[in-house]
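Shared between the two complexes below is subunit A, which pairs with subunit B and subunit C, respectively.
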Partner chain A sequence: MNRLRSSRTAPRALACLALVAVLCAGNAFALDFGLTLSNDSELSGGGGLSLSQSDSAVLWLSLPIGASSSIYASAVYEFSGDFTYLPSYSDRVRWYSITAGRVEWEGFVGLSESMGLGWSVGRIPLQDYSGRVLNGLLDGAVVRLSAGQAIVSAAVAYTGLTFKDDAMILIDADDESAWSDDEVAFAPRRLLASLGLRLVELVPFHDLGLDGWAQFDLAAAGGTATHTQYAEPFIEGRVARSIRWRLWGAAEFGQDPGFFYGMAAGGRIRLSAPELAGLRVTASCAWAGGDYDGDGAMRAFKPITTGSLSSVAGTMFSDALGASLDASFVPLRGLTIGAGCGANFRPNGDDSYLGFELTGRVEYKPASDVTLGIEGGCFAPNATADPDASLEWMAAASATLRL
Partner chain B sequence: MMKRCIVTAAMLVVVASAAMAATLSATVVEIAGKVEYQVPGKDWKPAKVGDALPKGTIVSTGFKSTVLLKVGTSTVTVKPITRLSLEEILQTESGTQTQLFLLAGRVKAEVTPQASSAVEFQVKSPTATASVRGTGFEFDGTNLLVAHGSVQLRTPHGMTRYVRSGEFSYVATNGSVTSPAAVSAEGGLERIDELIDQADSDSRVDVQLSGAIDMTPPTATVVITIL
Partner chain C sequence: MKRVCASLILASLCVVAAIGQSNDFVDGLIASDSVSVGQAAYLVLVASDNLGEDADAARAFELLGTFGWAPTGASADVPILLKDYAYLLMSAFGLRGGLMYALFPGPRYAYRQLVSSFVIQGRSDPDMAVSGPVAVRMLGRVFDVKGIAE
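Then we have the complex of A and B:
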C-alpha cells in the first residue's frame, strides 16, 4: 500500500504534547506514561515478491483531570519501507514520520440518579456498530447519554486532517483520483455526523440498536459532491453461556446530486469454551450489495471508510460477499494459536466465486509487556474467472514491547 | 375502649416487626496478615478470630492480608488492600438482607441460598452494585467475575446486566456495563487484564484499525478514574 506520511504534523503533535505537559503540572502525581516499541515485517508474494517493514515507537501519557475525566495522548514515530523485488517497481522507504496518535479527553458524569453523560473529544477511534461503514482514528467528538437501559450517542468528526492511507475514504471518483495522486497526503475533506441508540438487554440477554451515520462532502470545488447517509439496525446477544451472536444490516442513501442507494448486511456467531483450552470458534459473514438494477437507483454499497473482506486478498467491502470460519485456542498461558478459512464472492459478476483463503497465526505473550506474533496465509483465486491470477501468500512477524 | 384496642394492637405489630427484623453482626472466621476494623464512634483495632462486627463497621486489610467474614449464611473474603463497610446486616421474617459498601479493593462472596427464606446480598461501590441471590462471585467495585449462580450488575445510573456462572463483566469508563463474556473463573480477578481482553474481543468489531496506534487504554488509567 502506498502510505504517505510526512513530518508536517510534527508541530501539531508537539502542541498536543505541550498542552498535556501543562496539564501535567497540576496532576503530576497521577501521571501515567509509557513507550510502546513495535516491529512488523511482512513478506508477500503473488504478482511479485515484496517485503514490507515497519518499526514504530509510540510515546503515550495519561492523567486524570478532576474526578470524572482523563486525558490520553500519544505521539507516533515510524520508519517504514516497502521493498518490491520486481525491476519495474522502485522501493519506497520513509525514514521517519512523527504524527499524533490517539489524543483524547474522555469523561463521565452523573446528571441524575438515572442519567449519566459520557464524552470523548480529540483524535479518537470512531466506528459504526459493525465497523464496516466507518472505522478510523478521526478528529471529532462523541457524547453518550445513559438513561437506565438506553444509551443515546451522537458524534461529529472531520476527516481532512487524517492521512489518506489511514482514513481509506474512497466514496466517489474524486476520492479515487486523490488516492492515486502521490502529491495528496490527506484524506478527502468530509464532515461526519452520527446519532445512535442502543437498548441494553431489552430482550433478556440481548441488545438492540440503531446507528445512523451521515457524511457531507466538503470538497466539491471542481468536482462532484457526494453525500451519503447510512441507517444500521443491529441485534446482539448470548444464548446460554457459550454462544454469542450478532446481526446487522445497513441501508445507504446518497446524492451526487441524483439519488442512489445501496445495501449491506453481516452477522457473526461465536462459540466460546474457556474450559477447553480457551477454545473459540467464530463463523462470520459480510455482504456489501452491488449494482443489481442496471440503470436504476441502486448502486454498489460504498462505506465511508473502505475495508477489506480478507487478510491476504484485497477484496474490498463493496459489491462482495465474504464468509469465514476462525478457530483459536490457548494451550498455554500467554500462547494463542489460531487458524481460519474463508471464501469471497462477487454475486453481481458472471462468475461469482472469487477465491478461497487459509490463514494461521501464533501469538505469544511471555510477559504482560511483551507480545510476539507470527502469521501466514494464502489466497487461491478462482482460475476459471481469472486465468492470469496466481496464488497470493503472505508471512508476517511482529514484536511489541511495552515499557 | 375500641380505640385503645386498636392502638395496643398496632403497638404489638410494631414491636413484633422490630423483633423480627433483628440486626445481625458479621463474625471474623479467618485472618491472614494485618486486618483492622473500626466500629462506629470508636478507634481502629486489630481484628481477631471470633470478633463480632456490628452494622456500620469498616474493615481494612493491608498488603498480603485477607480476612474471612461470616455474614448470616454467607461468607465474604476481603482481599488485600481493601476497605469495606458493613452497611446493613438484617434478619427479617422473610430472610436475611446484607448490604456492603466497597470503598476500595476487592471482595469474594459466597452467598448460600436458604430453602425456607430469601437471601438478599448486595455489594455496592461508587461505580456499580452487585446484587445476588445464591451465588459465588468476585467483585472489586468495577469488575465482576461470577463463579456460579447469577449476579445483577447495576450502575448508579440504572443500567443493568445479568452476569451468569462463568461470565465476566465490568463497568467501562463511559459508564456502561459491558456485555458479559464467557471466561474461566480460574485465577479470579487476579488476571484482570486477560479477562478484560476476552470481554473486549467479544464486543469488538471484526475490522481492526491498522497502523502504529496504541488503542489499548492503560489499565492504570481505568483504576485511577474509577477509584
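Then we have the complex of A and C:
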C-alpha cells in the first residue's frame, strides 16, 4: 500500500507544484519559500509496547497575486513507521509518501465600508464550528461574505483525493471496509457542501451562528450510498474580561436510503489570565449521542471526519461523552507547561463509565524557528466494566525546525 | 478609516518622540508610497542611536555601507525592500533572531523573524516595497519587541 500511495500521489503533487511554478513565473521576485522539518516519536504501552515514528519535510512557497490575494503551496514528504515490541515484534514501515500539503489561493476584497468578500480555493483546511463534525485538509473552496454584523459563508469540497488515514472518514460500512483494505489508499469519494451564518455581537460580547454541512456519498455501483446532513447552531462570547465560553449542538440527518438521525453537543469555558504567567484554564464537555431507541430512526452520531475524545485512550466521538479540565501557563518566555485530566463515558452502555485520563506536556521554543515538545499521559480504564483492560500510557517527543 | 488614521498619527507621534527626528522628515516619510534605502537608513539609524539627528539620508546610507547592512547593489534613492528593511531593523537594534538567523544572518531570516514576532503584519512578501506608514509602524513595534525582550 505504501508504494501504491506514493506512486499515485507523486505525479499529483508534482503537477500542483508545476502549476504553482507557472504562476510564480510572473511574480518570481516576490516569492518566499522554505522547508519545515519535523520529527514525532510516540512510545505507547498498555497491553503491549509500541513505537510510532514519523518524520516529515514540507517544502512550501508563498507569493502574492495582486494586492488582495496570495498563493501558498506545499509538498510533503513523510516517513512513518509503527514498531510493536511487545507482546511480539512486528513493524509496518512506509519509507516515503509524497503528497500535496496545503495548496491555497486565498484573498479578500473590500466591497464597501462595511462589506467584504474573502475566498480560499485549493487543498484547504476545512472545519465546522466545533471541529467535531468536520476537520481536515480537503480539496475545495470557501467563500465568505461579511456585511455589517453578519458573516455568510459557503463551501464545497471533495474527499476522494485525500489519503484515507488523513481524512478519517468512517460514516458507513463501506468506509470501514475500505479503511481496513490495504489496497485502498484514498478516502471514500464524497462531495461536501456547507452554508454558514455568524452574527457578530448581536448580543453584547456574544456571537450567534448556524453552520450547515452536507455530505453526498459518491459510492461506486454496488456500494451503499449514505448521505448525511448536519445543522449546528452555536453561541460564543465572554462574560468577563478573562472568561470566554461557547456552546454548540449538532443534529445529524441521514439517508441510506432509510431516514435516520443522530445528535451531538458540546461546551467550553475558558479562563485566561495573561498577567498570571499566561495562565489558561479550560473546562470542556462533548457528547455524541448513541442509538438510544433500538430499532427506531435514531443512531449513534457519525461525524463526517472521525475524531477522538481523548489523546491516550482514543475514544471515538460517537456514542460517547467526555468531560475534561486543562490548564497551561508560561513560566518563561517560549516555555509552555500544561496538564489536563478527563473522564470518558458511554451513556448508552450497561456500565457507562469508560475511564479516566491524565496528561502533561511541555513545549519549548528556544528560537522562533525551533519548537521542541514532550508529552505524556495515561488512561485508567474502568476495571468493573472491562476486567481485562489495563492501564494505557504514552510518551511522545516532537521537534520542528523551519528553514 | 478614522480609527486607522488616528492610530497612525499616534504611532508617528510616539516614534517621533522616541527617536527625536524632525517632524518634516517624518511627515515626508508618512506621505511616501515607497521608502528609499537612504530614508530607511536615516530613520532607523537615528532611532537606534547609531546616527545623530543632524545627519542626512546620504550620510545614513554611507554609514549603512560601513556597518555592512546595506542591501546588495542598492543606492540611496532606490526603494527599500521589506526583507532589507527587516534586516536593517534587526541589525540596528541588535534584535535576537531565530536559529537560522543566528547561523545565516541576512534579509531572508530577518524577514521571517519579524513576521513571527508580529512586527510585520498583514499581507506581505519579502520583496515588496515599504510605504512610509508601514515603515513607521514597524519601527514602533520594534520598540515594543525590544521592550519585552529587555
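Rule of thumb we're sticking to: the second predicted complex is superposed on the first by the 391 of 403 C-alpha atoms of A that agree within 3 Å, B and C clash if a C-alpha of one lies under 4 Å from a C-alpha of the other, contacts with A are read in each partner's own complex, and residues count from 1 in each chain.
Here, a residue touches a chain if its C-beta (ideal position, glycine included) is under 8 Å from a C-beta of that chain, and two chains touch if they have at least 3 such contacts.
All values derive from a computational prediction rather than experimental measurement.
Student: Using the overlay on subunit A, decide if subunit B and subunit C clash or can fit next to each other.
Tutor: Subunit B and subunit C clash in the superposed model.
Student: Between subunit B and subunit C, whom does A:Lys164 touch in the aligned arrangement: first, second, both, or neither?
Tutor: neither
Student: So, A:Arg144: does it touch subunit B (first), subunit C (second), both, or neither?
Tutor: first
Student: Go through the superposed model and pick first if A:Arg299 touches only subunit B, second if only subunit C, both, or neither.
Tutor: The answer is neither, since A:Arg299 touches no partner chain.
Student: Taking the superposition as given, does A:Asp32 touch the first partner, subunit B, the second, subunit C, both, or neither?
Tutor: both
Student: In the overlay, work out which of subunit B or subunit C sits against more residues of subunit A.
Tutor: After superposing on chain A, more of subunit A is contacted by B.
Student: Is A:Ala367 touching anything from subunit B or subunit C once the two structures are fitted on A? First, second, both or neither.
Tutor: second
Student: Give one of first, second, both or neither to describe whether A:Pro64 is in contact with subunit B, with subunit C, with both, or with none.
Tutor: both
Student: In the overlay, answer first, second, both or neither for which of subunit B and subunit C A:Glu275 touches.
Tutor: A:Glu275 contacts subunit B only, not subunit C.
Student: If you stack the two complexes on chain A, which partner ends up touching A:Leu401: first (subunit B), second (subunit C), both, or neither?
Tutor: A:Leu401 sits against subunit C, while subunit B stays out of touch.
Student: Using the superposition on chain A described above, determine whether A:Gly118 touches subunit B (first), subunit C (second), both, or neither.
Tutor: first
Student: Between 60-68, 78-86, 96-104 or 132-140, which run of subunit C pushes into subunit B after the superposition?
Tutor: Clashing stretch of subunit C against subunit B: 132-140.
Student: Which subunit A residues contact subunit B in one complex and subunit C in the other?
Tutor: 30, 32, 34, 62, 64, 68, 70, 113, 368
Student: Inside the complex, what are the residues of subunit B that reach subunit A?
Tutor: Per the touch definition, subunit B meets subunit A at residues 155-162, 164-167, 173-177, 179-184, 193, 198, 202, 205-207, 209-215, 217-218, 220-221, 224-225.
Student: Give the list of subunit C residues in touch with subunit A in this complex.
Tutor: 1, 97-102, 109, 111-113, 116-117, 123, 125-128
Student: For subunit A, which residues count as touching subunit B in their complex?
Tutor: Residues 30, 32, 34, 36, 38, 54, 56, 58, 60, 62, 64, 68, 70, 72, 74, 76, 78, 101-102, 106, 108, 110, 112-116, 118, 120, 125, 127, 129-132, 135-137, 144, 146-149, 151, 166, 200-201, 204-205, 207, 236, 238, 241-242, 244, 266, 268, 270, 272-275, 278, 284, 286, 307, 368.
Student: Along subunit A, where are the residues that touch subunit C in the complex?
Tutor: 29-32, 34, 62-64, 67-68, 70, 113, 366-370, 401-403
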